[in-house]
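Note that the chains take the letters A, B, C, D and E in the order they are written out, and that residue 1 is the start of every chain.
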Amino acid sequence: MVHHKEGTSKINVRDLNLFYGDKQALYGVSLDIHEKQVTALIGPSGCGKSTFLRTLNRMNDLIDGVKITGDIIIDQENIYNTNDVIKLRTKVGMVFQKPNLFPMSIYDNVAYGPRGQGVRNKRELDKIVEESLRGAAIWDEVKDRLKTSALGLSGGQQQRVCIARAIAMKPDVILMDEPTSALDPISTLKVEELITNMKKDYTIVIVTHNMQQAARISDRTAFFLNGEVVEYDNTDEIFSTPQDQRTEDYVTGRFG
Amino acid sequence: MVHHKEGTSKINVRDLNLFYGDKQALYGVSLDIHEKQVTALIGPSGCGKSTFLRTLNRMNDLIDGVKITGDIIIDQENIYNTNDVIKLRTKVGMVFQKPNLFPMSIYDNVAYGPRGQGVRNKRELDKIVEESLRGAAIWDEVKDRLKTSALGLSGGQQQRVCIARAIAMKPDVILMDEPTSALDPISTLKVEELITNMKKDYTIVIVTHNMQQAARISDRTAFFLNGEVVEYDNTDEIFSTPQDQRTEDYVTGRFG
Amino acid sequence: ACTSDDKNSSQASTSKDETIAISGSTSVGPLAEKLAHKYAEQNNTNIEINQIGSSAGITNAISGVSEIGMSSRDLKEEERANKLNEVVIAYDGIVVVTHPSNKVKDLTLEQVKQIFTGKVTNWKEFGGDDMEIVVVSREDGSGSRDAFQEIVDYSSGQLIKNAIIASGNGNIKTTVANNKHAVGFISFEYIDDSISTIDINGVEATADNVLEQKYKLSRPFLFVFKEGQLSEAGQRFIDFILSQDGQSIAAEAGAIPIK
Amino acid sequence: MDKANKRKYLLEKVSSKVFLICALLSVLTLLLIIGFVFYKGAHPFVAGGYSFTDFLLGTDWVPSEDKFGILPMIVASIYATIGALIIGVPIGLFTAIFLAEIASKRAAKIISPAIQLLAGIPSVLYGVFGLAIIVPFLQNTLGLVKGQSLIAVILVLAIMMLPTIVTVAETAIRAVPKTYREGSLALGVSQIGTIFRVVVPAAKSGILTAIVLGLGRAIGETMAVILVAGNSLILPTSLTDSIRPLTTNIALEMGYAAGTHQEMLFATGIVLFSFILILNFVLAKISAKGGN
Amino acid sequence: MRHFKDNLLYGLLWLSAFLSVAVLVMIVGFIFYKGFGLISFDFIFGDYSPTGGGGIWPMIITTIYTIGISLIIATPIGILAAVYLQEYAKQGRLVKVIRFATESLTGIPSIIYGLFGAVFFVTTLRLGMSIIAASLTLTIIVLPVIIRTTEEALKTVPAAYREGSLALGNTKLQTLYKVILPSAMPGILSGIILSIGRIVGESAAIFLTAGTVAAMPESIFSSARTLTVHSYLVTQEAGDIELAAAIGIVLIVLILAINLSATFISKKLNKATNK
């Protein structure tokens, strides 16, 4: 078990600082994310989990006035030195906190990424769409209305289609920002199983408020507080023998 | 304990059917919601929890093509017979699934409802705003930036301001649609405590995916499946000795 | 505020006793404005002049929106039927114009007709460069065009089909000034050195030649009003225009006095 | 019922009626204008013994000789409108996209208002610009004897459509939620892909409005067109022919027309109206289809 | 291949923007080149003189009058009509008819508006040729522009705002002016700016309803001449392009001033509601 958790490191973050204009949101974050593991980011609301996650595929580039210092190295490449953001984002997929489906059919939403990669073959697309929707535990609910607008789905359904949309890209790394916070237990179970399965092929970073979820599915856990990483270790350690008092206080809260 | 759970009934729903156009979303829902209790609605995604909740303050009126049959009686008055929707919505407050703050300052968001009711006095408004924000466990985080845009807050912070905004109306009944799904454990704790406290004065109906949460804070629980109420009973009963196999399957899922 | 004071004429318009509303032809308009300007300096009268086209002016005179209509064309049957009176306030000379670089400076009326009816389509026929002629005419219904066609003696149906049709003297002038192939006709008042003028049958286009009837291309400027509707003030203004003073102002403005 | 609420409901009722009346005002004015134009324009055919088919299909327009045929003008209007659409719409939309999605904030802040400014320059000045710059340019580069032509009209109209299309479309594109862009970019789709596959479709309705308003400008424009069209009465067969669109025919002769001539100009208006109504009908159908 | 397509589209975007800007620069450049020589204090602030050399002050005032009156009438009606269409009406036949009418109005040539105004406002309503008659005619012209742009702006307001406000016991009306209209403001404003352009740029519809009297208007019931009508007349009859261009410069500055203050006001409004 311990051996497994070592892994090889896929993403190295070194001394990362992030500013929204004058307001600093991340303070000297350094951590290594290991290949084919699930890394969970936990911490109270507003501590910078989403912000950190979004630096890994440079989504923060889109926000005006964001300044970043430090290095993020994925597969030996500093992602802030390259300018092929597209390659980066193809490799590093993302599921957002709020479902953000496009105003098009369910099918087109899932096929969106592959089409962007040049997949035009109808059969191939059909296959990708079905696999991805199955993977996101939503196929049965939507298979009869693939061609209807994705915006007619309930919140939970929408979020699962978002996951399908990300899976359809077959990325290396998948970033998930509270992907199950809008899901019911059954779909949550399915998605968690999915995440556990996906570990075979993908490196997964997940933000969650759900301590049990972090404990169940992640190999390593980072605890964020006020923009800093207080503690980062194997999940077992974090939940059983945290080194920092603040971590202990947080994870022993009886809530999840 | 059992005595407490009896209560007097505040809302009586009788044989409620709801259609989105041709698609039926609620099938003959009948249940009594008791005064000064917390009623939880649980069930898998897409089963109609949000839809049902929104019939209680007639928010579904806003959606084109929605047809409703059956009766909802609040305080002996059939809310679909009266035409004073304002009074209904003043009496029945709501917190939505996705935070929906207005693009104005935090202060103005919370003062929005009272102002709509004609409260103009600055001192009075200040007091309402502070009390409500405290009540929603967000005062300390925002007290220094009450006049800045509410949209600059993180998701969790926004949702708590939404709760504050609803509390500011001092309603009789508060409907909450997964109010803590975007919150971290610490704020969730605070909000749950708040809900438990509010029971003294308010009747609360809450949709939640979190079984533990339902168990912790609610007096009664309704289990929805495919638009029907499968079982509705004291929360203890639902979680310890469910009458229906489907309920049992659902609540014993090890997830939350 | 009723006593008029000549020194105050700049704000006079706000303190005049009577108002005469005049509307109509855009070619008569500028002349009428000048006459009104001079007249208002000496009289306690406010004269409103609207240049909106002959037809609209005549319609206004009939409907009573304006007291006097200005027309640069003769009245039509239907219009006459409304008991309209007309007064010729001046004449307007019409001159054929070309691009300044054009070598042709003199044409006969017959040659003008050949050009406008498309019988001749190249300037070399009349001693110019070997280049196509581009005819520019006014719109059907224009007073200048009516008069021009009547004197040159061709009908609208005979006008060469691909003629450019320009609205207003200014547009003809700009069009001709920008195209070395072009030929058109404008009022005397708009002559300047952006275009060159053509003598007709060897006679230069001047007011004197028109008055001596040597130069044929001219037409009347009309004031029209409904019988019995003319106010005293209106009558006085018309009298002023027809007087020696009025006519010399007209001459200064480039129009041809009525003797 | 609460007293305060009663007042609110009353206000609610009254205001919704007021809103309805405001909305109906445009229908009312349209009806008034249509009525007015038809009343004036139908007269020669109803009472004057003129044939409407001859009017539509006739190729001669000589009012002083009682010949009223507007086929060349109908053809000219159709050509000019289509031409202006083909040039003006893509350039306008692409400019709007550029300003909303690609240009730096600073550049957009300068260019957008500058383009809005163009909307306020009187059409006469566009005409003068066309006459002084575009017409001679066409004449010289194409070796024509006159530059007043279909192509000149198309260019001037395309230019005049720009401010409307750019302004309205830019606003619509800017209003597309950021989450769509984020979602697409996070899927490794390029900026261009994101723009054309998600942002533009999401702004579809606003873009159609931009086109409709721009088209309105093109169809309704007269003063600029009069100056560059040449207004010749020939059936256009090439881009370099002088043309007289329906609108210019009305504006050109209305000032001097009387009697039947004037009524025939109103009849030209009827045809123009039908043209506009058909076009709007088609566009409404397209946008209804696009909306689903 | 994909890169090629991307680059091609990129190129087209840049090219289009370049063309638009080039046209802008050329037109403005042309107007300034031709007209700048005439600009002087007397030209702008002097009284008009039919004998030449006069100023255009009366036309500037008339232009401002027409903008003011038309907008005062058209803006509220247009916004309220759009509100009806977007927020109140059930999407049915009536809405389709209204929308169709609105769109058809945008395509009507201004000369027809002018003739209509001359018969309806000037003669039938007995307003005479006057600033008010012209302003009413202009109101009809810009109404569809304001309605359509406002509708689009309203569409972009998230439904969540409406729900949030209504759930707090606010009426539709309160929701409208407290939340919806403020967040639709930028879109509405761009419609108003376009309308100002349309009003300022109009000639045919104005000279048939307000006339061309070149004197300082005594009141809104006076006949008067706007800047554009003036430039139209001098182009049409005198062929005086320099003068027309000089008037163009004045108009550009005027519109610039109006647009800047409109943007400024909307920023102020947004500050009040947003930050």
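Basically, a residue touches a chain if its C-beta (ideal position, glycine included) is under 8 Å from a C-beta of that chain, and two chains touch if they have at least 3 such contacts.
Protein names from UniProt, one per chain: A, B = Phosphate ABC transporter ATP-binding protein; D = Phosphate transport system permease protein; E = Phosphate transport system permease protein PstA.
Quick caveat: nothing in here was measured; it's all calculated off a predicted structure.
Interface comparison, B-E against D-E: more C-beta pairs in contact at D-E. The greatest centre-to-centre distance from subunit B, using averaged C-alpha positions, is reached by C. In whole angstrom, the spacing between the mean C-alpha positions of subunit B and subunit C is 81. Subunit E has its Cα centroid 15 Å from the Cα centroid of subunit D. In this assembly, the C-alpha centroid of subunit B lies 51 Å from the C-alpha centroid of subunit D. For the pair subunit C and subunit E, the distance between C-alpha centroids works out to 35 Å. Of all residues in subunit E, those that touch two or more other chains are 2, 158, 171, 174, 235, 241.
Along subunit C, residues 26, 52, 56, 167, 171, 174 each make contact with two or more other chains. Under the contact definition stated at the top, the residues of subunit A that touch 2 or more other chains are 98. The touching residues of subunit B, counted against subunit A in their complex, run 43-47, 50, 97-98, 141, 153-157, 178, 181-189, 192, 209-212, 250, 253, 255-256.
Touching subunit D in their complex are the following residues of subunit E: 2, 5-6, 9-10, 12-17, 19-21, 23-24, 26-28, 30-31, 34, 76-78, 80-81, 83-85, 88-89, 96-113, 115-116, 119-120, 140, 143-145, 147-149, 151-153, 155-156, 158, 171-174, 186-187, 190, 193-194, 196-198, 200-204, 227-228, 231-232, 235, 241, 244-245, 248, 251-252, 255-256, 259-260, 263. Within the complex formed with subunit D, the subunit C residues making contact are 26, 52-56, 58-59, 73, 76-79, 131-132, 134, 139-143, 146, 155-157, 161-167, 171, 174-175, 178-179, 181-182. Only residues 90-91, 158, 160-171, 174, 178-179, 182-183, 273-275 of subunit E touch subunit B when the two sit together in their complex. On the side of subunit E, the complex with subunit C involves touching residues 47, 49-51, 118, 122-123, 128-129, 207-208, 211-216, 218, 223, 233-241.
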